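Multiple structures are listed underneath, in structure tokens.
The same chain A turns up in both complexes below, where it pairs with chain B and then with chain C.
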Partner chain A sequence: MNASRALKVALPLGVLVVLAIVPLSATPYTNYQLSLVGTFAVAILGLNIVSGYAGQISLGQSAFMGVGAYAAAFGVAHGWPVVLSFVVAALLPAAIGALVAIPAVRLRGNALAVVTIILPIIAVPLAKRYAGVTGGSEGRSVDWAHVPSGTGLEDDQWRYYLVLVVAAVLFLLGRNILSGRIGRAFAIVRTNEAVASAMGISTHRYKVVAFTIAAGYGGAAGFLYVLVVQFASPDLLNFQVTINMLAALVIGGFANLWGAVIAGLFYVYVPVVAGAVDPSRTNIFYGAVVLVVLFIVPGGVSGGIVRLVRALLARLRGRGPASPAPPRPRASGPESTPPSLRAGAGSRKEPQ
Partner chain B sequence: MLLAAGCGRSNSSSSSSGGSSSDPGITDTTLDIGQSDPLTGPTAAPGSCNLAGWQAYVGHVNAQGGVKFGDGKTRKINLKGYDDGYDPARALANFRQIVAENKFAEVGSLGTPTNLAAMPQANAQKIPQVMLSSGSTAFVNQTKNPWTTGWPPTYLDEGTNFGKFLAASGKTLTVAVLAQNDQLGLDYTKGLEDAIQGSQVKVVAKATYEPTDATVDSQISNLAQSKADIFYGAISVLKLAAASLTKAQQLGWKPSIFLASLSSNPAQVIVPGNGTAYPAIWSTTYIKDWRNPDVAKQSDVAQFLQDMQTYASNIAQKDIINNCLWGYSAAATFVRALQAMKSPTRQALMDAIHTVKANDIPLLLPGITLDASSKTTAPITTLKIQQYINGAYTTVDTMK
Partner chain C sequence: MQHAIQQIVDGFAAGSIYGALALALVLVYRATGMINFAQGLLAVASTYIAWTVWRAGFPLLAAVVLAVAAALVLGAFTERVVIRRFEGGPPHTAVVATIALLILINGLTGSIWGYVSQPFPSLFPSGTVTVGGVVLAIPSLATTGVLIVVVVLLQLLFLRTRLGLGLRAVADNPESSALSGLNVGRLLMVGWALAAALGALAGVLIAPKVYLDPTMMDTILVYALAAAVLGGLDSPLGAVVAAWIIGVTENLAGTYIPYVRDDLKIGVPLVAMFVILLTRPQGLFGRRKAARV
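Up next, the complex of A and B:
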């Protein structure tokens, strides 16, 4: 396992170094896109925690992200300290998530999914009505997070680094949560609630915890969104945004930290590529890509990469050519879930 | 180390236009411009048509050798379209892409929230964001946002013009308003209410809807109870405008109808909504109705239809909606500005735009004058009331 372990340390480090260097020579447009990738990766990580790890389909993530974005924009407009804006942007959606989850998680499966749809559906008209807070249908535009003088950086680079740092911290936090007691409990709740109850794990409580964490991540992503886009509008709350995030997560891979990163890349870049192919047919292209990826790697891209890496490592260790893939190819990135619980984590939970 | 390297970015394309001899995106023979529209999603029809109208006019101009600019050089225009799906974040991404790809300006983009998202960046970086296809009053404030200009009359202008039309009839009329729950709906409603103040015309019922709503049946049912004489539809979603016409007659409520210019297209709204059931259907307009066979023979309209077929063949003639004509006409206005542009800089473009005054822009109705010199209103502010009679619109001066 040495090669594999070395890879697990080297890969994130290497990625981090590359991520730190890229913006220095990239155009502001590329930096903007990469910052958006980081932003949506955080939002989708939240979705992954509740849907991928804890197995509860949530269709309300865009609402939490939107609330976080509005909180950040409101804070900026009223001259709050940045840290306070961030805390409010993350905690307010988390509180809303907990409040909604407490009654909602008594429902299961599709019924729960339908209840969570309500969030974006009521959030959009609310945001338009309370124009004093949200700026109404035209949204709230802000001008902040300029680079401190003397750093030699430009705004887009500065914002990129802020997103990178916040996202890295949140991913590390997520990894620790998911590899610890809570993560194990999520896995058991996901795979078999009866077993969870028998083991003394309150499924109700852990579902609420999962929703709360997911909403908090959504809110933090909303803060990052306002940092990058400098604009919050009701269109961010839209249900469509959640669906796109969920589709991206299916592509990236459920119950895998890297799955959220790949999903972020997918969310931001596929529409751009599709637009380059034919700007008036981006949705068809998007749908086709989703289908093709699911056909080739049903567990999502991250699952496919893990499988590929394992196959390569196995070959390097000389287990012989063409040795079959390990019996449980759908692995999760952090060594969180016990092997017995990993099976089918991804392909089982495609939406609709 | 990283910081030092940061200083070294010399190929940055975010540099603003200074007094340099020539800004990015313009050479002695070409001008590169970009446009962001919703080309997919629920707003795809207006977005695609807007882009098609621009492509048709630009294609026509290029085929004639290009535009002779105010500096004496003749340049061809390269227009590139980007899809934003009506998503502000993507619209802003498109704006940045337009800048990164060294386009000279963003022109004619359609949509209110999308253009609003890009506006602060455009003005901070001093990149022209001009001839926007939105009736929002947010884009006509040149003092606050000198690098942004609108083009069509604002929704407020439209509501005002129709309100005056009602008030001038001298009749006692009641109006039921269905408005989109955003600034568009507010502007339409405010324009109407301001114009009928003190007249015999009263608004007796109001309801709102969300652009994402699947139906407006319950709103129409509520409004129908008012038995108002006029139904005022400040609606931008075509299928909902059609659905309101269908629903009202189902309920036996047959008022005279006002349709916002955004949703006044016969093929998408009046025909599917069986508009003939109503005593009258009005809308406001400043653009020629190409569906009227007599109008279609006029030289500018015939040229438009031919250019659409040649340069924007992705839109079939039956799918042409007003956005195609507005796009074409806005592109013609933009070309007028280019002809007045004294030097190849972005500042010169903005200066040139404010000099455009014309009453011969293609497709504009006779009597509609375009004047882009005002810094507080859109280039077009006057509108005519048109009535839908026997399958085509006819402009009317007074209510019969």
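Up next, the complex of A and C:
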């Protein structure tokens, strides 16, 4: 009956089915890359929760991912059960995130963003120094997550499926968090803190919650990273990783679950494509692509796709105008600002 | 004591370099309300221009002047061609646009000049002077002196010239400025140009110490960001004072606290910044803003 609602259920299911079939015929390298896409999609979903949904720019996500990766590698090296490694990899960064966020959320906007840089900046020398835990500058290699015999799968396919399952569960969890009470609180904290306070929503508390969830997702992604790459090193903690994830997120689209998926694809594949075009000019290509996408769809690719799909659906149902209306700055997430609050919306006529 | 004073003077010199870049960040922030993550890379590109001119056989001072002039053009060009599209839009998009510029300029400088570190000559003689029994390095004193001169010139520009008045007006209220007949677009361009020139100055001052390569300013940018935020983001004087505090704290902590050493010394001013901001969220010299409902 309702086409867009049916699409909302069918699309993720369809994507999941395709994702489940792909690794059976793909090369090990493709499976490795796709597993990395899932890994970074989870990390970027965390970043999206704090920056996109709750509106607090964080430049510390790579530190949480790195701590998660080290926790996973440490657990594997010491023979912990896998589930325990995962729990520690997710909860340790979440605890650090909460501890830092509790005082930090007193700051706002740019000051908060700059304060979050401290984490990766300090984490890199610390990781190099405590070589007993982290393996120092060389990092810590592990050898684990081999496929159980009798499944007929290869290691790369097995790891891919593990990443897929964990990522799917985390995305579902994220969707439920964000479409519920917490998600609505994030939206109002992002759009107007004064209104949030007036409604009895503690902006401080929800910002801490956002940072904690984001750090937990970062840590879980770190675990997945060690699962896929079998390696944790100080390079993962680096501030540059956060910067690139943030760029990918804006490309994918703020405050949108698909935005994080597109961002994961972008994060992993654009450097690969750029390297194929000209390995010595990867950064030129990467930077130029980000700029061009920002020029064309400032709201991110996911928002652009959502607008396109909605326009098509409207035409199919015959309710749309004969010629495509100028794209309305439509809300891309379940809870974003009403169109009238968006810049430029006031000057356009609402299609009837 | 002698040693401590030397460390403090060196800290001031390092802080002056952070301060020059922090001033650039503050200028851009005041003009366009965004943090320019590409500021460091613009400085690197300008420093490479100075290096190329110097290698071509020109005197170093001429090369530096030329590089600062090139930076003015580079900054204005960046604002006009790239940043203009994101002004007034969502701030997150603008920040990511500057991050994209950072990656792009890193790639461009790398492909033009390579990724190998190049030695860069110092503008100042490497000798020492003895003041009251304390031996001080001339480059450190001179670097600090340069920054003081720059701050004074900037203050004169902002407070005593028509251009400065226009820049302040646009920073304060772009709409009213436009209605009063100011060419807002051109003034924003001037703001970015001045910022890039300051960055170029920071670049040629730091290059002799750390050698010239495309990642030269990455760490400096973090210090400059910390200084700008600690100073209040909209206060040039605050940024410079904060940069000096950061430079001195870092040097003293790196030397005298055994645990800190060289690799962790960057953390000391950052954590200090965090603690200070918790008690003064608007920064040392920033103005407290009232939220309007």
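Here is the rule we use: the second predicted complex is superposed on the first by the 319 of 352 C-alpha atoms of A that agree within 3 Å, B and C clash if a C-alpha of one lies under 4 Å from a C-alpha of the other, contacts with A are read in each partner's own complex, and residues count from 1 in each chain.
Assume a contact is a pair of C-beta atoms (placed from the backbone, for glycine too) under 8 Å apart; a residue touches a chain by one contact, two chains touch by 3 or more.
All of these numbers come straight from a predicted model, not from anything done at the bench.
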item: Touching partner for A:V250 - first (chain B), second (chain C), both, neither; value: second
item: Which of chain B and chain C A:P28 touches, first, second, both or neither; value: first
item: Chain B versus chain C as contact partner of A:E154, first or second or both or neither; value: first
item: Partner chain(s) touched by A:I117 [first = chain B, second = chain C, both, neither]; value: second
item: A:R106 touches, of chain B and chain C: first, second, both or neither?; value: second
item: Touched partner set for A:S233, first chain B, second chain C, both or neither; value: first
item: Set intersection of chain A contacts, chain C complex versus chain B complex; value: 125, 128-129, 239, 280-283
item: Residues of chain A touching chain B in the complex; value: 20-21, 24-25, 27-30, 32-33, 36, 124-125, 128-129, 136-139, 141, 143, 151-154, 156-157, 225, 229-231, 233-236, 238-240, 268, 271-272, 274-275, 279-283
item: Residues of chain A that touch chain C when the two form their complex; value: 51, 57, 103-104, 106-108, 110-111, 113-115, 117-118, 121-122, 125-126, 128-129, 192-195, 198, 239, 243-244, 246-247, 250, 254, 280-288, 290-291, 294-295, 298-299, 343
item: Residue ranges of chain C in contact with chain A within the complex; value: 29, 35, 37, 82, 85-86, 88-90, 92-93, 95-97, 99-108, 110-111, 222, 225-226, 228-229, 233, 263-264, 266-267, 270-271, 273-274, 277-278, 281, 283, 291-293
item: Residues of chain B defined as touching chain A within the complex; value: 2-9, 11-14, 39-41, 44, 48, 81-83, 85-90, 92-93, 96-97, 99-100, 112-113, 116-117, 119-121, 124, 136, 138, 181-184, 210, 212, 314
